[in-house]
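Take a look at these structures.
Here chain A shows up in two complexes: once beside chain B, once beside chain C.
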Partner chain A sequence: MSRDMCNTSKSLDSESADISDQEREVTNVIFNSKDEVNSIEDEENLFINDPNNADFDDDLENLNIANFFHKVDSDQIIYQKKKRRLKLIGKYVMGDLLGEGAYGKVKDMLDSETLCRRAVKILKQRKLRRIPNGELNVQREIKLLKKLKHKNLINLVDLLYNHEKEKMYLIMEYCVGSLQGMLDASPDKKFPQYQAHDYFLQLIDGLEYLHSMRVVHKDIKPGNLLLTLEGDLKITDLGVAETIDLFAKDDICYIGQGSPAFQPPEIANGLDCFSGFKVDIWSSGVTLYNITTGLYPFEGGTIFRLFETIGKGDFDIPNDIAEPLRSLLVGMLRKDPEMRFSLRQIRQHAWFISRPPCSSPPVPIPPLRDDALHKMTVFPYLVEHYYHDPNENSSDVQYFTEHELNEMEKSRVDSEYSNGNANQSSSKHNRRRSKKPVSCISVKNFPGCNQS
Partner chain B sequence: MPLFGKSQKGPADVVKALKEAVNSLEKGDKKAEKAQEDVSKNLVLIKNMLYGTSDAEPQADIIVAQLAQELYNSNLLLLLIQNLNRIDFEGKKDVAQVFNNILRRQIGTRSPTVEYICTKPEILFTLMTGYEHQEIALNCGTMLRECARYEALAKIMLYSEDFYNFFRYVEVSTFDIASDAFSTFKELLTRHKILCADFLETNYDKVFSHYQRLLNSENYVTRRQSLKLLGELLLDRHNFTVMTRYISNPDNLKLMMNMLKERSRNIQFEAFHVFKVFVANPNKPKPILDILLRNQEKLVEFLIKFHTDRAEDEQFNDEKAYLIRQIKELKPIPGH
Partner chain C sequence: MQTIYDAKISDYKTISILGHCFDNKAMVHLAKHLPTAELVAIKKFNLDKIREDIELVESEIILTRQLSHPNIIPYITSFVAGPEVCVVSPLMAYGSCRDLLTRHFSEGLLEPAIILILKDVLSALIYIHKKGYIHRAIRASHILVSDTGQICLTGLRYACPIIKNGKWQRAIHSFPNSTEKNLNWLSPELLQQNLQGYSEKSDIYSIGMVICELANGSEPFAGMAKTLMLTEKVRGCTPQLLDRTTVPREETIECGGDTDISANVLDRRFGRDLHELVSLCFHWDVDMRPSASQLLSHSVFKAVKKAPPLPELLKPALPLSDRVGYDTEEMENFDALAKMSQLEIFSCEWDF
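Right, the complex of A and B next:
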């Protein structure tokens, strides 16, 4: 089996150079022609710090691509078990990757003074500049988060800057995942009603707080609702939120941002101004529809089509959704914002007041890299740091070839199948993982990759 | 079924026994000691029906429904609260636990206990006066806050004459009682946004004349807590009308300006957050504008030196800079 650089260049292209090794916990090393081993100490060093490669992927198109296709046989690629090096950002100990969004990575973290587990959102200003309004939205979000504090709203614990690396560290409360992640991993893409009810109540509490602080969220959706280990729901992502002026007579907004499928008819129809609070009611309605049915009330192949259907405001509710949930959905998804339910009407609605019976087991929070318990990933770094003898370090470094790695992966998947816990989602998960090879190749040693 | 002793008593028997025991406790006759024992014993029985024990599950819904019905019919909840000071220490806690559990009971969308208490508001008023008795104040507090979660009950309390007693309770010399009363007071004024806004609007004069006394209290904690709550109330979007009215009154502005100069830095800081609303108001009434103009230079000078050590608090510095600019640019209304 042979593999050439074409494959690897793809993964470099997608800027995931320092991510997938987190998943695999191995870094790889190439024997170059001089047969010398270049181990990578820290994945952060690979691109970000290297001045030669600092703007590597920006200039990818300008490179002579012919130089890039370097043939490397698979037996020349060997992998090395990743070294766990303790990394501190201020008083916080860095752990493994938790997730990744358009704005940057989110990693596990431990406050070394309070021993509170945190999550850190790492924002690279270089990346932000490429997103329209990226920097502006982040600044606004930070400002908002600083003045808001509620049980059902994500709390910004600390904020650190690294001006040299142009990085921002937003230290937040630790959450295990979003409602969207749970839906994706569930067979029917929906929650039993009592579970949805629990989340919806918390969503309304959080939303009421936001509105009382004159903040319109504008992007309520399952992907922006996180859960803590205790099952508390946290509204997150105030990137497009808008604050109503303290002295404004009403809640008129002029700009509609947010996810198309969750936008109300007044935005889909392109109205100049609209009630801000009623936008959040609508998108909470779409969210409730989505988490209880597994469907969307409005769909369309393109944004244009989607907005056309939303603009009409007609939608169906599946027959298996009975009263009182049915009338709550209808009330929250009224086309006319004036007629649409207010938070108070929602609170007084029969479905809101009465807790649906426990019908089936709840949809669980999906495991992170096969760890259903979401154990703290900072711990192995601490063990390595405090209990590992640095003298024996050099002798016991483990190397693997591609072939060995594939065998290991295969046997792991086989054993999982034989244990009978290979449900659809986990096998899909594995397939995706195995498609993503370890990508942390020390490209800087290839003459063709350096800018001349 | 227990192996030894009497067979388990049904809800009706337990409620009847408890009522008799409380009655005899109330009379304080010779049998008081025995009554005390009976009260404790029966309270534990009721509590176990509702919560279960380490080796028994809570009773089935039908038994709990019977128990609730007996409690309503016998009027026992009120009787227990009226005699709370006569019940022993553990018994007081059991009463609160039983009360809160029964209160949370739901049948579909109905909360029968809430409906029951609406017809017997004496229960709420008796609980509120509980703050006057040191030995039961905190037990009553937990029950009151549980009641305040329900809009219907919060409404009865807010609109009652007894509500104004809270302005006295939050200032009592016993710290834990004052703080407990304050958290109930705050819950009543903030929990149900629309109800609270309506209440503050319709009773503006009465509430804020009482509130003024808290802001001028001798007690530092009262002054600080009430000032913080005032800021929260005024900045809550639901209380827009109340805010507009509050910041139109020159007396309120004077009070805040004096509080900016308080000895305590915490009070200065809280006062800043109320003061800023007066200055930011785009439609300042003439009396407010006059005060600000009269003190224009002094205010600018004062604000420049105000809490300069909060360098890392970006929000505060932005707001301060904004206020200074606003005050500098103030001009008298033309034609005056």
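Right, the complex of A and C next:
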């Protein structure tokens, strides 16, 4: 399926400020002459070599680097405008990228029979093998998702395999974004209390269901809480979740794999075993703290320092957080798991019971590639498929060079600066990172460490 | 209903099958209520077949029982009998508008009949919207006609509340479950499933579709790939009533291939008002699309006041009660007849 390699001019336009995209562009350099047009699988942002060569990293050692990197002028790098060719996976029509995580990409999708919008997580077995516990975690997640069904838990709608390409397609409910993405795009990195309250109630509903099914999530954080178009919260990413054995007498767990900033003192202090359910309570507490204050209760420059502060269990709550939220945070972030609130205590808490008043407008879902409405990205492919004359294709292939792209980007950035939108473009990098709703290797995602 | 209908299956004698609904997951039976000897319709949902759609059935019964309007089907009673959920409702003797189209009016109903039906459907819709619901499944098979020509709207299992957390929502975003069969009638804003969302005006778009369906004999986009239907709608393609003002005569003669359109369709002419009503319903800008009550004040409904009663306009179709008669002998005959002509009966949709 070697096809045109490039993005449309539009998506390149909006993304080329991104570091990862620049990497892609540089690594796409292969030509020495303008006559050649590059072809790389459109989904593989891989290197010059054959994308099927999985052992590329090993090969590197044997290469002479000086021979490897050529200087190529930017006007010699030629892109071909991607044709919007309709791609079907089973009965599903593939759309554009929604987000990217350590395990794979998430794309927009449309069920061609029910016309219900979906999201698909594409997992490549080749990639999974390179991640510690990758395949195991994915298998466990699929097994869990199949048996779990709740309004506040991401629903696995369908599961498709392509054995030839070693790809797995996890078709899920469509979500417009994560809480993390909304926080990152908001000025104060926090929600008004009534909005946080709405999400927190749904989080507790979902968590209660998970715990009732003897599942410990272990990685509750704003990045793993997605929102549907309707505003329903969906807990996602059960990659490190653990099921308590049916005959176990308590909820003892032995391994903690979640994101460091959200880990409880018992894990930070390296305890051999700990109560699983109380881990989720703690990380829900950190999540609530984070979405209501815009801060983290515990911070540290390194994991070591972070775990040191978490291990002590001392934290401050900003003065503008009044009762009853204050005591709920204190209850959920008690160092001693025994003393920490249970789900029932949370439900009975005053802040949980009464809805805070609507104080300010809610934090909106940030636009995706400048589209505030998050329109179906499948649609242009359908238009192309149904209305484009296939005979015309050969003549109107568009080419443009790296140089031209850079110029376009430059003029775009210039105009943005002159319009006083400098802040927006500088935050672009952060915003894009936050759009990754899938992250299974949580150590890579380490929000608490970046700040001090 | 003055008579008391008990919620027990032994009170009802099933006479024959009227048809199926809900993707063949439910059967509608003609039955006699033994204590009163009155004919009723019983819809039976087999719980083994509906499985996860049980919530739809549940919400339909709850919602229908909460509503009370002359143009919305009342549920007399509902109960569980064996593996089935049974819902008893009055017999709508002409069946659904879809049945009428299939059996007698394959090229569409007469204009006055369309307007009379529409008038009642709009009254029902005003009521439903006022109660804070969006119907989301307005289509001919959900419009039933009684022996007197009374129109009843049904199919409330796809309805969704506009009110959430005690607040009237400006936009709804939920995509209806198991809605495959209704897709052709749904508005572009509902089908697009983005943050814009949709409102009760989505039902008005479906009204436009129903007018076309009743007038043309089949709904626009019928038989088309769902994805193409979506593309057409989102690109702003608006269906039309087929008559001599909209179907160019010369073209069809020259092409010769368009044998679908008969001379009858080419000769007829719907009123300008009705054409206008259809285009109003399909207004792309949701704010410009009229509400149900605005539609009902359209001049098209004034002209129809002098029209003959609906049963006259529906001839040669006859209500079921006339066909069956009330005496038991004939009823038993009918049972046998029904078995023989099951093919025909199965082809119609009786969706109570």
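Keep this in mind: the second predicted complex is superposed on the first by the 319 of 452 C-alpha atoms of A that agree within 3 Å, B and C clash if a C-alpha of one lies under 4 Å from a C-alpha of the other, contacts with A are read in each partner's own complex, and residues count from 1 in each chain.
Note that in this section a contact is a pair of C-beta atoms (placed from the backbone, for glycine too) under 8 Å apart; a residue touches a chain by one contact, two chains touch by 3 or more.
For clarity, every value in this text was computed on a predicted model and none was experimentally measured.
A.B. asks: Figure out whether A:Ile303 sits in contact with chain B (first) or chain C (second), or with both, or with neither.
C.D. replies: In the superposed model, A:Ile303 contacts neither chain B nor chain C.
A.B. asks: Go through the superposed model and pick first if A:Ser354 touches only chain B, second if only chain C, both, or neither.
C.D. replies: After superposition on chain A, A:Ser354 lies in contact with chain B alone.
A.B. asks: Is A:Leu136 touching the first partner chain B, the second partner chain C, both, or neither of them?
C.D. replies: A:Leu136: touches no partner chain.
A.B. asks: Have a look at where A:Lys146 lands relative to chain B and chain C in the superposition and call it first, second, both or neither.
C.D. replies: A:Lys146 sits against chain B, while chain C stays out of touch.
A.B. asks: Which partner reaches more residues of chain A, chain B or chain C?
C.D. replies: Touching more residues of chain A than the other partner does is C.
A.B. asks: Between chain B (first) and chain C (second), which does A:Phe247 come into contact with in this model arrangement: first, second, both, or neither?
C.D. replies: first
A.B. asks: Examine A:His211 and indicate which partner it touches, taking first as chain B and second as chain C; both and neither are also allowed.
C.D. replies: Only chain B is touched by A:His211; chain C is not.
A.B. asks: Residues of chain A touching chain C in their complex?
C.D. replies: 93, 110, 112-117, 174, 176, 228-231, 365, 372-376, 379, 382-383, 386-387
A.B. asks: Applying the document's contact rule, which stretches of chain A touch chain B when the two form their complex?
C.D. replies: These residues of chain A touch chain B: 143, 146-147, 208, 211-214, 244, 246-247, 251, 324, 343-344, 350, 353-355.
A.B. asks: Touching chain A in the complex: which residues of chain B?
C.D. replies: Within the complex, chain B touches chain A at residues 106, 108-109, 193-194, 235-238, 277, 280-283, 314-315.
A.B. asks: If you look only at chain C, which of its residues touch chain A in the complex?
C.D. replies: So the residues of chain C in touch with chain A come to 172-175, 179-180, 183, 191-197, 225-228, 230-231, 234-235.
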